[in-house]
Every structure is written in C-alpha cells, then in structure tokens.
C-alpha cells in the first residue's frame, strides 16, 4: 500500500523540479502562492487543508486529492472528519465524485498504514 | 443592499417550493440529504459551511455561494476567515473564480449591513 | 411569463444570425451538426432532446437548458418526465445543479402557459 | 477484454463496501438515492440509463461511463443507439469528450464479447 | 452599446478595489501574477490575450471573456481572428459554449463602436 | 520515453478508426470539423495549436494535451513558448491544472528526444 504513496510522491517531486527548473516566472510564483495559501492565518492549517481537499474532490483531481489527504493526515484529521469532507464533496459535486472517492479512500487507508 | 438579499431569498424559497411540490421522490431526497450534510458532526457547522462555500466557488455557482455566505454569516465567520476561503478558491480554481469573488464580496457586504 | 420566452428567443435569433453572418466555416459547420444530431435516428427526437437537456443541466448552461426545454415541450414531454430528467441531473451533477433547476422550472412553467 | 470488465467491477465493489462501511449517513443516503433515481418511473429504465450515460460523458467521468454502459447493455441498448448517445455527448461537450469516447467504445466492445 | 462596456468596467474596478483592500496576501499575489502572465515574453501580448480568451470561453466565464476581448481589441486583433478563436472554443468546449459566444459577439461589437 | 508516445498514438489511431467505422454521421462530422478548425486562416497553424493546447489544459484533458503538444512540436514551438502556454493555463485554470502540467512536461520531453 505504501507503494501507492511512494510512487506518487516520487513522480510529483521529480516533475515539480522540472517545472520549476524551466525558469518560467509565472509558474514559480503560482507554486509560491500555493505554499502561502495553506499557512496558518485566521483559519488554522487543518481547516485550510480540508478546504483544499473538498475543492480538489468537487473538481475531480485525483492527484490534488492525494496531496491534500497527505496534508490532512499530517494535521491529525480523523477518518470520521475525512468522511464528512467526502460527503460534502459528493453532495455538492454529485455522484460523478464517487469514483474519485473510491480512490481517495484507498489512498487514505494507505496513509493510515504507513 | 439588503434588497439583493431579499430578492435572492424570495426567489429561492418560491422555486424550492415548486420543486418539492412536484412530488419527485429523488428531488425530495436530495433536498433532505442536503440538510443532513451540514449538521453538526465530527466537524462543526461553521467548518462544514466553509467547505460548502469553497466548493461552490471553485464550481462557480453564484447562487450556491450566496447561500453558503448566509450560513457562514449566521455561524459568526469573520471577514478575514471568509477571505481565506476565497483565497483558496481562487488559487485552486484559478482566475476564472475572480468574477464570482467580486459578486461574493458584494453579497458578503450586504450581509454585514443587514 | 411568455415575456421570459419571447426575450430569450429574440436575443438568441438575433445573435445566431450575427454568428452565422460572420462567415466562419467552423462555426457554420458546428451549427449544422447541431441540427443533424437531434434528428430522428435509432433514438427518437424526444429521447434525444432529453439527452440534450440532461447534458445542459449537468454542465449548468441555463440558455442551453431553456432551448432543450422548448424542444422537449414541442415533443410532448410530460412534467413528470421532465422532473425525472431533472432528478438525474441533480443526482449526477450534485446540488450545484439546484439553482439551474429553479430557473428551469420557471421556464418550463412559462412554456405550459404559452 | 472481459478482464477490463472484471477488474473494474472488482475494484468498484471492494471500494463501495469500504465507503458504506465507514458509516457516514450522508454517503449512504447518496448511494440509496442513486439506486432510486434509475428505477422505472414516467421514463423507463433504458432511457434513464442513457441519461446517466450522456451526463457521465459530458462530465468526462470514465468510471461513471463504464457503469452506465453496463446498465445500458443489460437493458438491450443497441450499438447504433449507444453511438447516438455518444454523438450528443461529443457535440454538447466538445472534442474533449473524444478521448473518453475512445475508452467508452473499448468498454462497449468488451461488454458485447462477454 | 458602450453602456454595456462602461457598466462592466465600473463594477469590475469597484469590486477589484474592495478585494485588494481586504488585505489578503494570497488574493493580492494572484492579482499580481495575473498581470505578469500576460506581459510580452517568448509569446507576444496579442497571442497571450487570445490564449486567455479561449481559456475563458471553454471555461464559460462571461466576465473573463469580456475582459480578454477588451485586451484583444487593444492589441488590434481583427474580427476574423477573433472568430477563429471563437471557433476553436466552440469545437473544443462544445455547443454549451454557444450562448457565451452570443454574448461575446455582442461585447465585441460594442468594442468596435466605441 | 518514445514508448510513451508510441503507445498513445497507437491506441488513439486504433480507437479513432473504430469510432469512424461505426458510421455515425454526427461523429464523422465532428472529426472533420476538428481537422478544418486547425487549418491556416487569419491565424496561423502554430497559434491555433497553442489555442487548442491551452483549452485542453484548462479543461484538464491529458490525451487532448498530448495531441496538441505533438502538433505544437511539429510547428516548431519552443520550450519557452510552451511554458508560457502552461503558465496561462495554470493561472486561469488554477492549481488543479498542476498535475496535468506534470504529465504535459513529461510528454513534451519525450517529444524532444524523439
């Protein structure tokens, strides 16, 4: 299961490096705003990561979902809380979110076992 | 400004009644799951409403945004917190979310003045 | 209420003429394929118009919804059938389809009264 | 080819069970509304499954497309009818639907050979 | 017709100011990256604005379309070129882009008459 | 790396043939309009392919992105230009475009090495 996590993280790191090394200013700034946006503010990091997770689910981006699941896991989000995020995503985004929820549950399980 | 709120709420109520009176079981159940999903659970109501708000923004549904802004307002969400939700929506969803943010800011202001 | 229909149809006709008079071959062909696609085939016109309607709803295009509601009305689709199309759209597409359903119900009512 | 079907169905069943066993009420209700929505009503099951199929295609959800292709196959939908559904999806949703149509055709073929 | 332009620009300016005055760092940076992205680079400004236009059309954001039409107009883009952008948007994004094309044509005409 | 390209092209060709051999008039016409749209006109082929690329990215269709990367490569588009297209896609479409950019960079590299 951790194989699922390792593969995803290795590919993501390798390609992010290539994107940043291309020396396109706009891409670099988008990456830096991305870091800034999830920092502690009026809302705490855990809440912000759940906001990132639910957005990724309704927009149906599996890799974004995986990334935010990792971050939610780091923040100590419980499985019950994660399923409440999933439930809002499936309600607002509709049943087309179900296949992404299946893959999200698989990844969440892998994170627990790590 | 409160005119903006009153008009939206009146139309929403009137049409929701028509939808429910059509006696379609599936539509009725979707409405009832919608109520269930935002109730206190492992996550509190305020967090869930912010999850609903950010989902509505990245999916660019102005009326859904208005609805969740009302609920966030009822839950005592601060303007600073709301802008952090907006910022994640604009980051994840891109600059096409900006026009919806403009209308969201206008509605949020109307809610403050009410 | 028929004012709702008349205004929509007048604007649509006027602007379609402008688009076609611009003499862009690709746009013209897209319009002609559009006509072709909804003609009687292995599936009848009524079924095809319901397919067009549900697609327009999940993609949340109010003007497309109005257009297909007109066509469904011409094909003698009942209100009960229309609500079953709405229910699948709201299920598959999620609660963000609700505001579009409100406007669709309003337009469908206008078509009945015409 | 039937390998394509078996793998998809096994993963879907396994993960659906996990989702339902998580005991989140909202997720459970969404699954039960999903069953309800495609039952015989004013529209027959075959028509409803085609509505589910076209919605899944324009929203570009490969797994949802596979699921509805299975259901359409069970309902005796002909290849000619299926292609008319595909054609409306590609027209309304644009050429970005083409790659999903390729995978849909592959899955449809697998279902014929089963 | 210029009334269409004036109203849009006035609302956009007013609300952009409110968003920026909220003093949310992430929102401010997104606005500044937005300015950076359309500056002369390996691609010229005119090409970049057409890229912004076609993206806005396939994502069906009327206000974004208006904004990029203004910029394309400033860059001396011809009506024939604009219609080629429209044609790719309608092909890739499908017939749900048509209603947005109608409004885009209206706004483009207003810009010519200004 | 060229393995990535060969596999994609083989599958695409095989399935396109199946789609066209199904003898559905609407599908055939969509394919022929698709060819027409990217031909030299008021805009040159290279610009049109970049328009197709950016549209595919914001709509997050990996296979469409690959196809237009091939065409951009044939037209002599530089890596710097391609990254400016990527940057507009990530700005307009948001950070959910990042995972698709990773795969696009990988494919673009494969095309360079071919």
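Order as written gives the chain letters A, B, C, D, E and F; numbering starts at 1 within each chain.
Rule of thumb we're sticking to: contacts are C-beta pairs under 8 Å (C-beta built on N, C-alpha and C of every residue); 3 or more make two chains touch, one makes a residue touch a chain.
Here the structure is a predicted model, which is why all the values come from computation and not from measurement.
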item: Repeat of the A-F interface, chosen from A-D, C-F or A-C (over half of contact pairs identical by residue number); value: A-D
item: Computed distance of Cα centres, subunit F from subunit E, in Å; value: 23
item: Rounded Å distance, subunit B centre to subunit D centre (Cα mean); value: 30
item: Distance from the mean Cα position of subunit C to that of subunit B, given in whole angstrom; value: 26
item: Subunit F, residues touching no fewer than two other chains; value: 26, 30, 33-34, 37, 55-56, 58-59, 64, 80, 83-84, 87-88, 90-93, 95-96
item: Chain contact topology (line, ring, star, complete or other); value: complete
item: In the complex, subunit B residues that touch subunit C; value: 11-12, 15-16, 18-19, 22, 24, 26-27, 30, 34, 55-56, 59, 61-64
item: Subunit B to subunit D touching residues, read off their complex; value: 25-26, 29-30, 32-33, 36-37
item: Subunit F partner contacts - residues on subunit B that touch it in the complex; value: 58, 90-97
item: Touching residues (chain side subunit B, partner subunit A) in the complex; value: 33-34, 37-38, 41-43, 47-48, 50-52, 54-56, 58-59, 64, 78, 80-81, 83-85, 87-89, 91-93
item: Subunit C - residues contacting subunit B, complex; value: 60, 79-80, 83-84, 86-88, 90-91, 95-96, 98-99, 101-103, 105-106, 109
